[in-house]
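Structure provided below as structure tokens; questions to follow.
Naming follows writing order (A, B and C), and every chain is counted from residue 1.
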Amino acid sequence: MLQLIVAGLTVGSGYALVALGIHIILRATRIVNFAQGEFVIAGGLLAYSITTWLHASIWVALAGATTIGFGLGLAFERFVLRPAARVGETAETIATIGTVYVLLYGHALIWGSLPQPLPFFSGGERDRLFTLGGVELGAQQLWALALLVVALAVLRLFFDRTTYGKAIRAAANNPLGARLVGIDVDRARAVSVGIAIALAAFGGTLIGPITLVGGAGGVAISIKGFVGAIVGGLDSPLGCTLGGLFVGVLEKLLEGRYGYGIAEPIVYSLLLVTLLVRPAGFFGSRRAVRD
Amino acid sequence: MNAALLSVRTLCAGYGGLAVLRDISLEVREGELVAVLGPNGAGKSTLLRAISRVEATIASGTLTFEGRDLKRLGPEAVVRAGLVQVPEGRELFSELTVDDNLRLGGFVRPAAERDARAAELYERFPALAARRSATAFSLSGGEQQMLAIARALMARPKLLLLDEPSTGLAPQIVTRIFEIVADLRAGGTAVLLVEQNAHLALQYADRAYVVENGSVALQGTGAALAQDERVRTIYLGGAVALRQSQGDNAPCQ
Amino acid sequence: MRDRLRADARLLPFIAAAVAVFGVLLRGDANLMQAATFAAIDSVPAIGLSLLLGNVAQISLGQAGFFGIGAYTLGLLTTLGEPPGMPPWLAFALGTGAGTLLAAAFGLLLGVIALRFRGHYLAMATLAFGLIAAGVFRESPQLGGAGGIQNIPFPQLGPLTIAGGAAFWYAWAMVALAAWLATNLLRGQSGWAFEAIRNDELAAEAIGVPTRRYKIAAFTFAGGLAGFAGSFYSAYLGTIDPSAVGVSLSIDFLLMVVLGGAGGVAGAIMGATLIGVANVYGHELENWRPVIYGVLVIVVVVFFPNGLAGLVRRPRRRTGARVNGAAALARTQLSAPSAPAQAAEPACWLAVENVSKTFGGLVAVDGVSFALRSGTLSSLIGPNGAGKTTLFNAVCGIGKVDAGRVLVAGRDVTAWRPHRIAGLRVGRSFQNARLFGDMTVLENVAAGAFVLEGATIGADLFGLPASRRCVRAARERAAAVVASLGLEPLAGICAKDLAFGDRRRVELARALAAGPRLLLLDEPAAGLNAAERARLRDDLLALRARGLTLLLIEHDMRLVMEVSDRVMVLDFGRLIADGAPQAVREDPRVVAAYLGTASA
């Protein structure tokens, strides 16, 4: 069972990254980005291209994918979210759903419909395995978890310690107050989305070697990322992260016990139940969900 | 007579299709404390919003600060120019700490001076220094108002706009706030104060305007208006109909 | 609002003709016929979603779930359920009926769940439903697991096997039925209710629309339609593959509705046909197709929010710059026909007993009590933030009071929902004139009149005479009220194009359309110029003369002094003065509250 938990934490870190990205975008734009998982896949695929077409190392690919992700995020905010926001919230939500299609099949157009392999961080085509206390661990899993923690720490530092990070939080918290203090609220929004998508791309490169990137995987990652965000609490970064990990572990445990297919409906039922019983999630604050 | 810092001439402004300010004119000179009084719905807050270039739309008229046309500027540029507002409702960043809120007030100023400026302000507002790491949400009404003012002061404004600073506050706190405002004026910062509490405002103001229906109905020195019975009539209605405020037939659309 | 129905009225005959022509001319081409049949099958759930999304503004990503419920129900019943002797047509009929009803039942369930959510939470809740359904379809061994159900017998209508060409006609007949039902709903009182909910749910409640009931009805209808289509689908195809009724289908339906134009019927049909045709003929484009769809959705939602059908609508009558009706309106005496009188007018229309309301730590209303005598005009005044609007909201059922009771006409309405209170002949206006922006002035007022009528949703659905009568009566009443307030020149103008002073008047007209006996007006004079204020004063006095009980929140002191029988002053949530206008004005406490005191 410990093995399952470890596997769960690995996929869970992917969901946690999605959930965290959703949280950041929600804070900045007040809508949920249904396409977040697709951006994760996009990041992984970009990293793949950097390693195979440019023959660069995986670390260069990681940096490259993250940077391109940031740019993608800026473009996404400027050309999809902002115009749609002028029409209305429903329009914005629908626009992100449209983006799912663009990305999902766009990936297939550029990279083909088969999932692509990424080189492992420890080097080479195969993962380095070792056993610890009866549990088999892959080096990549450790890399993924470690880098995830690093990313979270960096984000935490940015949003909690730097002036611009706080300015972004201020703009999301109170746009009018932010304007009266001289903060450019539109730019803050754009940067937030950029960061969220950069995070997605980062995550895609991390888990890519394990789960392979491409194919139809993005939608499932998106959705399970949501579930994690809802269960943990949409407005709490810690909640989103823990929620994502929780969903991953739950999924693997259920799969182990009951077989592959049954896990998904149960996870989705968890979503509905949480929405009904405690829409703010376990770590979220009791803000009006119906507003 | 000092130079005019802020000049508002025949300004028409409002929200969407609703005209609130009808041909309103006033000015604030260097070092003055000017009060803007008037009943609810008269357009006082709209005036401040128009000046800070947030939320209200200007249809016509002129609005200049130190000779610069404000209508061309966005809200961030207005702050950079030295015109800072403490809005009605304070608009603090509820989830951030007192310290964060304060420092963000200096967002448009160079980073190097922020520490020194913050230290100055903590000295001036010791109550805030004591609550430095509390979230803004947890502060009392009076503390929030002080934080809002301190935040605005971080930007070293040449002209401070205050929108109803006494709303919802207990009398002792209100006195304290007004003392602070008086200090600011003494220190050379010009202040444009919008207030419902006419008596108190007139005690401190150099000059005052009474606004009714979107334009100026009365104006004069603080002392003169404090004695003027017509002020009360404007607030509470009366058997003696005041001369028709010119606003009623204004040509503004 | 009417222009959506007009667009439908213009487009649907074309569509019908096109279908007929297509069916006759191209019956030889089996592939084309099949594509057209699938387009029809998809149109039906699309119509349901179009109504949900376009008319009631509820986003639903669960339509595929209902489609699947219909499909699986028929599949199961016809392959496993029937006693051997049952004639196939009966099996098909039963399967269809069961599929539709079961889907509708789940639609109702989703509607109830959906009441709790708005915006992206609603999208997620409906998505969750769709995902759960898809998962159940895929995993249940009873439903055939991943393999689905095979060998479903063809649909049968009497002795006729519905396949090939016959399927084409049957499918489009289904579309015709769905279109007829949807149009009936939209033409009837339900359509008005939907539009009101979509424009401003709070205002809809305030004028007496039971918003919950209509939202649930919309979900039930959409679910039922999807189930209806789904049952035919499985019989037509002969098999059900669970992956075909998964979430991607829900997103396809959303695509169809967005591209075709949400709201009404024609858009849904055009969108479904477009996507259906593109799917069949764009086969070579494989992965390009969804990318193009995705880009199209984004572009359409931003630049053409009304979709294809919207392009057909004539541009709305623009009336130049904001029309100010003041010049055009004559000063008319307010003389609307009064509604049927109450048996006995209660002595006291509104009584508030010790009502308190706190928000977080702030006490907004603090132990306020008063009782209004019938036929009087009272004003509630007080400085900013004194709690006046909060008190109004409490009386109308918006937001729960924390303590105390509210009695309207002697009945305890403290826990009632706003539309029920409105049903007691209580009318209200809001601080910022909450009109239904997409409706004309006349339609806004008519919406107000509906609380007096009472066609059931069922009557609307089948276009029964009661439904038509109800709409006609409301329109007539609205016309009378509009005339009595001198608003005829503005009757056909969309509410969102009105000048500010006119908006308030229209809101008053809407409140009066229901023949209220108690009228609550929140700052009716705010933003009015001198001429408009004078007219308001006359209106208020005329209403009082007719025996209405009025309660105003106001800041305009001159108006308050001129019209009020009684003035109540609220400060920091407490009633500090209550009496005749002159006395209150001289009261030193009131003066202090407004002007402040020298030593604060």
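Throughout what follows, contacts are C-beta pairs under 8 Å (C-beta built on N, C-alpha and C of every residue); 3 or more make two chains touch, one makes a residue touch a chain.
Computed from a prediction, not measured in an experiment: that's the story for all the values here.
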item: Chain separated most widely from chain A, comparing mean CA positions; value: B
item: Among all chain pairs, the one with the most C-beta contacts; value: A-C
item: Centre distance in Å when chain B and chain C are each reduced to the mean of their C-alpha atoms; value: 42
item: Length of the line joining the C-alpha centres of chain A and chain B, rounded to whole Å; value: 44
item: Separation of mean Cα positions, chain C and chain A [Å, integer]; value: 36
item: Touching two or more other chains - residue numbers and ranges from chain C; value: none
item: Parts of chain A lying in touch with chain B, wherever the complex brings them together; value: 163, 166-167, 169-170, 173-174, 176-184
item: Residues on chain C engaged by chain A in the complex (per definition of touch); value: 53, 57, 59, 113, 116-121, 123-125, 127-129, 131-132, 135-136, 138-139, 146, 247, 251, 254-255, 258, 287-291, 293-298, 301-302, 305
item: Chain A to chain C touching residues, read off their complex; value: 31-32, 34, 80, 83-84, 86-87, 89-91, 93-95, 97-106, 108-109, 113, 219, 223, 226, 230, 261-262, 264-265, 268-269, 271-272, 275-276, 279, 289-291
item: Complex interface listing, chain B residues touching chain C; value: 17-20, 39-41, 164, 166-168, 171, 174-175, 178, 195-201, 203, 231-232, 235-238, 241, 244, 248-249, 253
item: Chain B to chain A touching residues, read off their complex; value: 52, 54-55, 75-76, 79-80, 84-85, 87, 90-96, 100, 103-105, 107-108, 111, 151-152, 155
